[in-house]
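Just below sit the structures, each encoded as structure tokens.
In what comes next, subunit A is part of two complexes: it sits with subunit B in the first one and with subunit C in the second one.
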Partner chain A sequence: MWITCLQENMSRGLGVVGRAVATRATLPVTQNVLLTTDQSRLKLTATNLEIAISTWIGAQIDHEGSVTIPARLLTEFVNQLPDDKIEIDLLDGSKGVTLECARFKASMNGTDAEEFPPIPTVEGGTTVVVPADVLKGAIERVAFAAATEDSRPVLTGIKVEIAGNKLTLAAADGFRLGVETVELVAGVEEDMGFIVPAKTMQEVQRLISDRADDITITVTEPASQVLFKFGDIEIVSQLVQGAFPDYGKLIPASAGTTATMKVEDFLQATRAAAVFARDGSGIVRLIVSPGEDGEKGKVTVESRAEEIGGDEGEFDATIDGDEAKVAFDSRYLLDVLGVLGSGTVTLETTTPSSPGVIRATDRESYTHVVMPMFVQW
Partner chain B sequence: MAVERTIFHVDIDAFFAAAERSINPDLIGKLLIIGGTGGRGVVACASYEVRPYGVRSAMPMSRALRLCPNALVMNSSHDLYGKISKSFMAILRDYTPDVQVMSVDEAYMDMTGTEGLYGPPEKAGRAVKDRVREELKLTASIGIAPSRLVAKIASDERKPDGMFTVQAGDEAAYLAPMPVRKLPGIGPRAAEKLARLGIQTLGQLAAFPEGPLRREMGNQSSRLIERAKGIDNSELSSETQSRSISSETTFHADSTDRAFLDKTVADLSERVGRRLRRTGKHARSVSLKLRYNDFTTLTRHNTPHVSFDGDARIVEIATALLDATLKQRNAPVRLIGVGVENLSEPAAQLSLLDSTVKDVSTLSSTLDRIRDRFGDDSVSRGPR
Partner chain C sequence: MAIRLLDDATAARIAAGEVIERPASVVKELVENALDAGATRIDIEIDGGGSELIRVVDDGAGIAPGELELAFERFATSKVDETSDLFGIATLGFRGEALPSIASVSRVEASSRPADEDAGERLLLEFGEREEFGKTGVPAGTSVTVRGLFSNVPARRKFLRSPGAELGRIQSLVTSYALVRSDVAFRLGADGRQRLVTPGGGDLRGAVAGTYGGRVAEAMLELPERELFPDGGPATFAVGGLTGAPSISRGNRRFITLGINGRWIQSKRITYAIEQAYHGFLGARRFPIAVVLVRVPLNDVDVNVHPAKTEVRFLREDLVFGEVQRAVRSVLISNAPVPSFRPTAPSHTFAGVGGTGSVGRSIVNAPRTDLEQNPLWPSRNEAVSPGGFGTGTDSGAESGSTEMPVLLPGGDPGQTQRETLPVLRLIGQAQETYLIAEGPDGVYLIDQHASHERIRFEEITRALNTGAPDAQQMLEPEPVALDPRQEELLADQGDLIAGLGFVVESFGPGTALIRGIPRMLADRTSTAGDAFRGLLDEVASGGRNDVWRDRLIATLACHSSVRAGMQLTDDEGRALLRSLEKADQPHTCPHGRPTMIHMSQSDLERGFGRR
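Presenting the complex of A and B:
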């Protein structure tokens, strides 16, 4: 016998590292998960060479050792097992394992741990600490604005800027921009900035459990890798190299018209319009109308699809400024409104072709900029 | 025997100039030129007042101003033209649902069988002209004929503010004395080839034996002779109603020459782009069809996030699809087709980081205007 652990822990651990397993591997061993004894625990590691995730689970260790096993095979099998003890044995020469659990017995071929690519160690460099729930929320509100196509690789990343005791996340895909600033538990003396792949950030967000308290972020000097450490999890990621756009300049300093409304009203009207907009280019038209004689104003959301029909929905809003008309891609509006919770939201707009700015009134540290669609009115 | 068709070709006279005058009567009677004023500016529209000076559309502005130094030059206001064009097409659709929009200021109407409603074609034509004058303060010229081809030529006959009818059976006689260049599709190059055969007029072309013509003009010869006689059975295609637009070509010899295939894809893309822009819509998808020498056919699609109507984008996407398809199977190609699909209202997602979206579109529509006037071969894409 090599080690013994609980099926529940093994299954959870494989779930944590699973997203880092390579899907199309030029290096076949990256489709495997590395199992290593580490003091009195079992360490699971997977990497696709851009991101590496490690986690530790409690185990009874009989003797030290390591092996790599095809991740999908191991995960699927372990997930079928009853919630019981799993006894794992190393095959001769550490080229595979046998697993025994209740009345199941399996053998799996793997490879020598020596063949697994080394995970970069992130030591030295700069370290900051952020409350886990704060970072999780900020990633949720910012990361969706990052580009998914890699025609401009820097835009697939999230710019992280650290200054004093503040950390700012910014993402932009060329049509929209999300920015949020959060307070650090422990700050830095020297300001710094680097670009983390949005995919890495989304993994961090996914893996932060509700129980986690603080996250330690460490960046190598010069900035080539970043390490996120929280609970029993470590994520090491390559950084995106290149110059991120100067996003501060993309946020308009003033607005001709500001509408303040309930997030849920705006969301409902946009969803209803999007049903029709789906067939076209996703266009919804917003007409922001100030109220007369101190009456409340309103926002109208319209969509048209030539062969199907159209929709017009409106809701109350407090309007500061003149009447305004502006069209947006409904998907962009739904993305941002979807992460703003309940509360109230403001939309700032100036002309039909100038950027719209969306802010949550209870979250001053957050700004979302979305470019309109140029349409015939 | 088929019912004789009644086709109108309706064309607004000096549209851009007239549109400006419709909102600013002070411009009436002035030597007005619409177009770009920059160093490489081109005349988009010459009012009738400057035409005696020799000013024509698509002429470099610098030359136009040498010919007519006192001209008043205004930039194009495409938003205004687009709005007026919409109202114009709406008037035409009041008379028949079969309207084929050719450009902002030009359309075909299939008026077959509407005598019971509007009286003889000339009466309906006058009614259309009156409404355009009253509602839009513009004049239109109408050609009435049994086919699109002849109607198009006839609308030029009494410009401006004119109407001309060619009766069924009179088409060949009507076209016979005209120079060959009058026939849509015959550009300067084709005219040169015909001249080498001693063909100057459409009458001479109509009477020319097909065999010798084929040696000079290739496969299209028999169609050319028919068209010179005024025979054109093409239906109106209301592409505004259609969901896709495509164009394809079969090669004389199967090809694996990548440069040739690329050029073909670019040419087809531009042809499709031009038809797309005539509908006034944008497309969301591009499709590429490849038929190999063994007749297996592959079709691929791509739907980028942002809709488009510019040639550059269609060429770019179609070329990427060609890449991908040839990667899947690299064999001699027999046929290539390019299409655009998912047509939707014209709109452009504005960019946060650059402002190139609109410029490209302007280039395409400028090229359209040049091709509309000087023929498909007048401008083409240079090698990359």
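Presenting the complex of A and C:
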């Protein structure tokens, strides 16, 4: 016997590292998961060379050893096993394993652990600590604004800026920008900034699940790798190199018109309009009208599609300023309103060609900028 | 009219035509003289596209006292002694025609001083006749100023293009020299503005930065200089230079620069070798940016082929071809982790495995221009009976999608004959490039890019016919560097380009600021510059005004379409098929390539030997 562990733990561990398994076989061994004994635990590691995820599960260790096994094969098989103890034995020369669980017996061919790409170690450097749920929320509200295609690689990343005891996340895809600042548990003395791939951030967000631990973020000096550590999970990722746009300059300092409304109202009207917008150009037109003689103001959301029809929906809003008109791509509005959940939001706008700024009234630290469409009114 | 000998002036003017065709030829001759004189710094100033003023100043060896006038005599050269010398030429010029030719059709002011002389000489010529000559104090080196080019040859002056176009030629010429001779610092100024500056000193990447801009320079991959010993002889064959990462391709071949032994040359074969090396890395009609420098033994190359000397003949062309291709290809492969998709040569016959030739039939051998006659494509207006599909061929998941293709308003039923396409059921995607679909009669392979291009083309055309374009504003306006040709195009065709949804502002000389891009591009890119330059390149590569609109739309359609190598979900694939069914001309993309290959039921049966 090499090690013994519980099926439940093994299955959970494989689920955690599974997202880092390479889907394309540029380097075949990256489709494997690395099993290594680490003191009294079993360490599972997978990497696609951009991101590496490791997790530790409790196990009885008979002797030290390591091996890599095709991740999909191992995961699918372990998921079929009953909730019982799994005994794992190393085949001669660490070229594979046998698994025994209840009345199942399996053997799997693998490759020597030596062939597994080395996982970069992140030691020294700068470390900050941030509450898990705070980081999770911020990633959710910011990451979707990152570019999904890589014509400008820095935009596929999320800019992380750390100053004193504050951490700011910013993402932009050329047409919109999301920024949120959160408080750190443990801050830094020297300010720093780096760009983490949005995909890595989204993995972090996914793996935080409902764990309430604090997250430790460590960055190498000079900044080339980042390590996220929480609970028994470690994620190491390459950083994106390059200059992120100076996003502070992209947020307008003032607005001519500010509309305050319920997120649900805004979302519903936009969704209704988007039904028509989907077949046409995706454009929804917003008309922000202040109320007369102390009456409440309103926002009208319109869409038109040639050959199909159109929609006009309106809802109440508190308007500060003059009437304003602006057109947006409905998908951009739906994305941001979708992550703001409930409560009230403000939309700040000035002219049909100036940026629209959306803020959640109960979350001052969050700002989203959407660039309008040029349309004929 | 009696036959008589031409007088010298006329003969000279006619001869000038061989060497001096346009302002760029003057610049070429003067720059080559400067290079031959060993200059480390060449400064070029152009006014009015070169027809007003061309001035080339170098810091080279200078012309010895008493020889300045001789330099303007025909066939005067310091570079060749005897005919035998013609083979093994290391200098750029040697025919002795350039200066007298230039002088015969313009007003030339030349001054020169070798570094070790105290005073220089200055010579003024008007249409070849000496006006002034004397000693003068000038910096070491040579300066030649050409004014009023062709003002005594109105016929030739008439054929000059606009100043912007002529300047464009000059700039691309100087660019070529600056890239091939990165050891020399070049500066080109025009009408008081600086056009390009290179650092010299052999800094090739710096030269690329100075000519094509910093972003291109960063994305250039180094060709490791590799020496060859074809005969086990001395290491005189070598290939080096810089070649662009596939991410910075262009819409024409103008950005491929070749140098042989420090001489800028044009060679269709070697250009083709470089294009070949990019096979599979670049999309159709995309060309790389490259500076490829080849060194061959002097007696292996014959430069005396053409008066302009840009075309050369190689003794061992295949060797050069092969080596250039290998060098570029290996750098690309080792640097670019591109998807493994590689289009194969069009040799798909679908003879069943082990089938005889008589069973197999070529699917794509029919010439493109002959689509109607290809038995495998439904011919125009082929009647498809509604009963033939919509029943049983369509899965339940797509209920409601069995509608007959309908003519959409904005299409032009009077002129465009519809080529109907049956309702297709998506089976899947192959090689992230082709959709496989089933129709009432057999199987269709559909090129996802070409067919999306067709759909976009019709969408954009329709949108332009019905109203204003939709432009998505950029978070940060993007400055885009333009060469003079592109600048002029933008000036000429600005309305049309704006009509497509580009919001462009002038941003100082040689730069445009893009504030907004067509909405459909926003899905595909966060950088407006590449798409915008692609559009201008496409138009720049020729064509008449009346087709520009279509070409612009086709380019925009291309840029906003899904590409080969993109994974499509089943829903996306189905949506593409639905839109293609509605297209007016579903069988070809806007560039004329087929969007699909149809294997009819009987083709399949024959192929599998079922009958």
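A few notes on this one:
The working rule: the second predicted complex is superposed on the first by the 377 of 377 C-alpha atoms of A that agree within 3 Å, B and C clash if a C-alpha of one lies under 4 Å from a C-alpha of the other, contacts with A are read in each partner's own complex, and residues count from 1 in each chain.
Assume contacts are C-beta pairs under 8 Å (C-beta built on N, C-alpha and C of every residue); 3 or more make two chains touch, one makes a residue touch a chain.
Keep in mind that what you see is a predicted model, and the values were worked out from it rather than measured.
When both complexes are overlaid on subunit A, subunit B and subunit C end up clashing with each other. In the overlay built on the shared chain, the residue A:C101 is in contact with neither subunit B nor subunit C. By the touch criterion stated above, A:S353 is placed in contact with subunit B and with subunit C alike. Of the two partner chains, both subunit B and subunit C are touched by A:F175. By the touch criterion stated above, A:V16 is placed in contact with neither subunit B nor subunit C. In the superposed model, A:A147 lies in contact with subunit C only, and not with subunit B.
In the superposition on chain A, A:R304 makes contact with subunit B only, not with subunit C. Applying the stated contact rule after C-alpha superposition, one finds that A:L340 touches neither subunit B nor subunit C. When the shared chain is aligned, subunit B and subunit C each come close enough to touch A:P245. With the shared chain A as the reference for superposition, subunit B clashes with subunit C in the stretch 454-462, and the other listed options (22-30, 418-426, 436-444 or 454-462) are free of clashes. Residues common to the contacts of subunit A with subunit B and with subunit C across the two structures: 172, 174-177, 245, 250, 281, 283, 306, 329, 353, 355, 369, 371-376. Note for the complex: subunit A touches subunit C at residues 26, 147, 149, 151-152, 155, 172-177, 245, 250, 281-283, 306-307, 329, 353, 355, 369, 371-376.
Within the complex formed with subunit A, the subunit B residues making contact are 79, 82-83, 282, 284, 307, 344-354, 357-358. Residues 172, 174-177, 245, 250, 279-281, 283, 304, 306, 327, 329, 353, 355, 369, 371-376 of subunit A are the ones that touch subunit B when the two sit in their complex. Those residues of subunit C that touch subunit A in the shared complex are 247, 337, 408-410, 463, 466-468, 470-476, 501, 503, 516, 519, 522, 524-528, 530.
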